[in-house]
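Each of the two complexes below includes subunit A, the first together with subunit B, the second together with subunit C.
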Partner chain A sequence: MEKSVYYISAASTISHQPTFGNAGFSKSICALEADSSLITPDFKAFIDAGLLRRMSKILRMSVACAKDCLAQSHLEQPDAIIVGTGLGCLHDTEKFLNTSLTVEGLLPPTSFIQSTHNTMAGQISLSISNHGYNMTHTQNTLSFEHALLDAMMLLDDGEASILVGAADEYIEILTEIAGELNVRPARQLTSAASFFIVSNAPESDTVACVKDCWPIAFPESKTSAINDFLQRNELNAAEVDYVLFASLLPEQSGELVDLFTSAGMSGERCIDYLAFSGIYPTAAAFGMHYAADLMRTDRSIRNILIVNALRSENLGLTLIQSVEA
Partner chain B sequence: MDTLKEDLKKQIIEQLNLEDITPADIADDSLLFNDEGLGLDSIDALELIVLLEKYHGIQVTKPEEGKEAFKSVNTMAEYIRKRKS
Partner chain C sequence: MGVRITGIGVVSAIGLTVEENLRALKEGKSGIGKMAFLKENSELLVGEAKISNEDLKAALHIGTRYVSRTSLLGLLAAREAWGKNRLSKSLRTGIISATSVGGMDRSEHFYKDYLAKENPDFRLLKTHDSGSTTERIAAELGIKDYVNTLSTACSSGANAIMLGARLLLQNRLDRVLVGGSDALASFTIDGFRSLMIYDDQWCRPFDESRSGLNLGEGAGFLLLENEKSIEFSGNATIAYLSGWANAADAYHQTASSPEGKGATLAIAQALKKSGLNTSGITYVNAHGTGTKNNDLSESVALKNVFADQVPAFSSTKAFTGHTLAAAGAIEAVFSVLSIQNNLIYPNLNFKNSIEETGLEPVTTLQTDREVRAVLSNSFGFGGNNSSLVFSDRA
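Presenting the complex of A and B:
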């Protein structure tokens, strides 16, 4: 089967950065401060008030980003809706579990219904009346890459436009658990959502495409895997313009940066995107939007490699290429 | 002022997370499941069943009773008083 080109026809992110409805945000991006908070749009502009009242943060962000993507690409219905999430709807899960521990008798149904990982994909589908393929991937820190791979295979299979994205939600207990485990994350644990329309044909303003995506569990050597990935895409390290990486281990980050700086890349072009997004399992989706936005603001950029080593046992590699005007 | 009805309005707002709505916005006789009223739906009906048990200790065991009881704040108050008498 011939591989399609996977054009990024629309991208929408809600994060700590001014990403939402703001093409060119990569010019004004800055590292997260300790008291930084999410920059959210007016959700009422995207979601009916009757539905909005039931939705937790992760659902509001997901539906708003999904609808923003559809508006950007002038698409009424995508052929499929695919979502990646590492930890799912934590707020409703916690609410339901707390209620089940403290309340005797009947339990309120809303938090139970909306506690499952596939609620985002389901709510997006309901909000636009979509009856297509609807899938949720949960593979820890590689959830987004698996969702993206699914979308790419559907395009290979003949579908035209896929809504694919990722979302995760922070709740206080994550900080408590990190404390119990003696983990002190260098960046803020947080929430965010990023959605994309990936299509088999470019729009007039499409600037980037997904060339390849490879989620790997337990790679023997990350540098070998990166070299293999570049080789299968007929590239070498010197031909990569930017590396956007996520890693919590300084020695691992150093190894990644060395791999590319030794090939001639400026250290400034090896960017730890967690400094901008904060930490959540599907931050690689932020990385992809960031990459596409960099290409929009600087048309000389050809190749951006996203290296997701947020969890040291996993490696997600995504290659974003510019689309010739 | 009927305290039970005022309490019910506050409980409905909290249980159903009715943002931007105050007790004063809910008329005693407005139809809860009508778009001209609060526009509630089937999930809200389940939440109202939970509300009656949580705040008033009343279990709705017959679905046909709920259908009548949940028409408005008036009918809910009437149902609670009847069950407690």
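Presenting the complex of A and C:
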């Protein structure tokens, strides 16, 4: 059976790295320092000042990345807007929760309005007047993979261009919660957004495509899941040029690298992308942009496997392939 | 190209099972009343499921306190829809649930103690994220081939159903439980009050005097199966999902456009997908929340699509309250029951038509018409509009 491929015709990320508006960023990224912060563009270039004032970080980042993607691909309207978010609009959720527990009488509604998970997708449709399919997936650390799979299904059904992305937002209480629950993450918890245009046809400058994406709820064995995934894409481990992986705890990273190397992949080419992005539930979207950018800067790269084991109960596998010039 | 529906399950203010819900719908008995479970001494009218968390846990054989009411309600409805089906290695089985609050009922309990510095139990937060609500239900039922959660506010449940149908038609799954679950939370009650669209009286969908909604809670699930799955299960098909569409209104973050743009698109595209003419729809189970804005916008959309031939329609929100992400799923179950039993439900609390549109919903139970196809609408914040078409044949 011939399987479709899904071309990445635009990519935009706001993160701790100089990712935004900077194709080729993968050559100049370095691991996060403890005091590292987000590198944000001038949001006023993308969002009306009045609207911007009311928007939380996650909304600003999402709308800016979405508009940047449309500009890159010279696309006026995507056929659909699909967003993945693990924890949604945490800033406004906490703000309204706080207000509702501490303030008597009439409450200001803005933070409630902006607390729903689909605020990003809704605000993007509003900002570009898009009337297409509008969806928000929220399956913890697999939220982005589920959003991406939905986009791939729409392309299979004949749509042409889908805006798909992911965003998550850090609030201070997350660090306290992690501490209280005895979770000692290897990297700092943070925020970020990545959006893409995936299309059924390549543009002249398209270098990468999504070959396959598989969000696995409860994998029995990571090794056999990865083997099955490679097999169904007719690849052997030696043909994988890079593995970009994520895991929450330092000891889990070691186990994953052992797993890749024993499967025949080069240990030097296994990269922990959380070192660059920091930790947030949808960091796999950063991984996808990073993979596409690596392919732009080095045209000899053919296959990049993204292994998202950020939450050890789940596993997200995404295969990015280069597009022949 | 309809998708087979072979199982249904529902819990709402009017009953804990399909049978109880059906009886209340026939008797015209609303489940909305003064709050009894979420908080004591509140005068607020809500559509609570008439069961405490303790009784839910006992009924479901769940011991831990680290489980949200959203998961418990969802599991009750999902188990009913799943029935006596068995898992099989030869069938790919998935679950898609929808929720807007996730484990907020536990989180707000935590946060209250946290603010008061009264020994907050951080473990309660493990149930906060919406995905964990679905994983919990999936784990209890042993479903693992596809586990996903959608959250698009009040249209979430309908969106879960259409995503399930697409997964079957693309042969990515053989069968899938689809639906949604939301528990009442102070967070959402305060939220709708802050928007000044919470009615202190009984909600009055499509009535000129309507002044807001009453929130409710509950869950609904449907089992969708392909031919291969039917061969294994031998299940009878009780109705078909034959059309679906989701469209963005792109008008305002919370309000619907006065010309009903997104709603019109969703209804028209769902009808087109079903292959039915406008005259093929016997009954419209409307979104009909009882807010000034929704009911007017939805009425305009119905007139846009059906012109002067708007089918028999009603909102069942005056029975259940607005159950947010569960609404589309609960009303999908009601739509299937409408087809199965040839019933058109009354729109409770209606007296006078909305002046601008003059539309009159069904106000008494209709039993004399063969219900061949039902259109079910779900519209949410963010201008998220979804419509589903259910029918008695493929």
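Remarks
Everything below uses one rule, namely that the second predicted complex is superposed on the first by the 311 of 325 C-alpha atoms of A that agree within 3 Å, B and C clash if a C-alpha of one lies under 4 Å from a C-alpha of the other, contacts with A are read in each partner's own complex, and residues count from 1 in each chain.
As a working rule, a contact is a pair of C-beta atoms (placed from the backbone, for glycine too) under 8 Å apart; a residue touches a chain by one contact, two chains touch by 3 or more.
All of these numbers come straight from a predicted model, not from anything done at the bench.
Judged by the touch definition given at the top, the superposed model places A:A49 against subunit B, while subunit C stays out of reach. By the touch criterion defined above, A:S9 lies against neither subunit B nor subunit C after alignment on the C-alpha atoms of chain A. Applying the stated contact rule after C-alpha superposition, one finds that A:I81 touches subunit C and leaves subunit B untouched.
With both complexes superposed, C is the one of subunit B and subunit C in contact with more subunit A residues. In the superposition on chain A, A:L106 makes contact with both subunit B and subunit C.
Once both structures are placed on chain A, subunit A residues 106-109, 113 are touched by subunit B and, in the other complex, by subunit C. The part of subunit A that touches subunit B in the complex is made up of residues 49-50, 52-54, 103, 105-110, 113. On subunit A, the positions that touch subunit C within their shared complex are 81, 86-88, 96-98, 100-102, 106-109, 112-119, 121-123, 125-126, 128-140, 142-143, 146, 150, 153, 156-157, 177, 180-181, 215, 217-218, 313.
On subunit B, the positions that touch subunit A within their shared complex are 15-20, 39, 41, 43, 46-47, 49-50, 53-54, 59. Touching subunit A in their complex are the following residues of subunit C: 100, 107-108, 111-112, 115, 122-123, 125-126, 128-132, 134-135, 138-139, 144-153, 159, 163, 166-167, 170, 172, 186-187, 190-191, 193-195, 246-254, 261-262, 265, 380-384.
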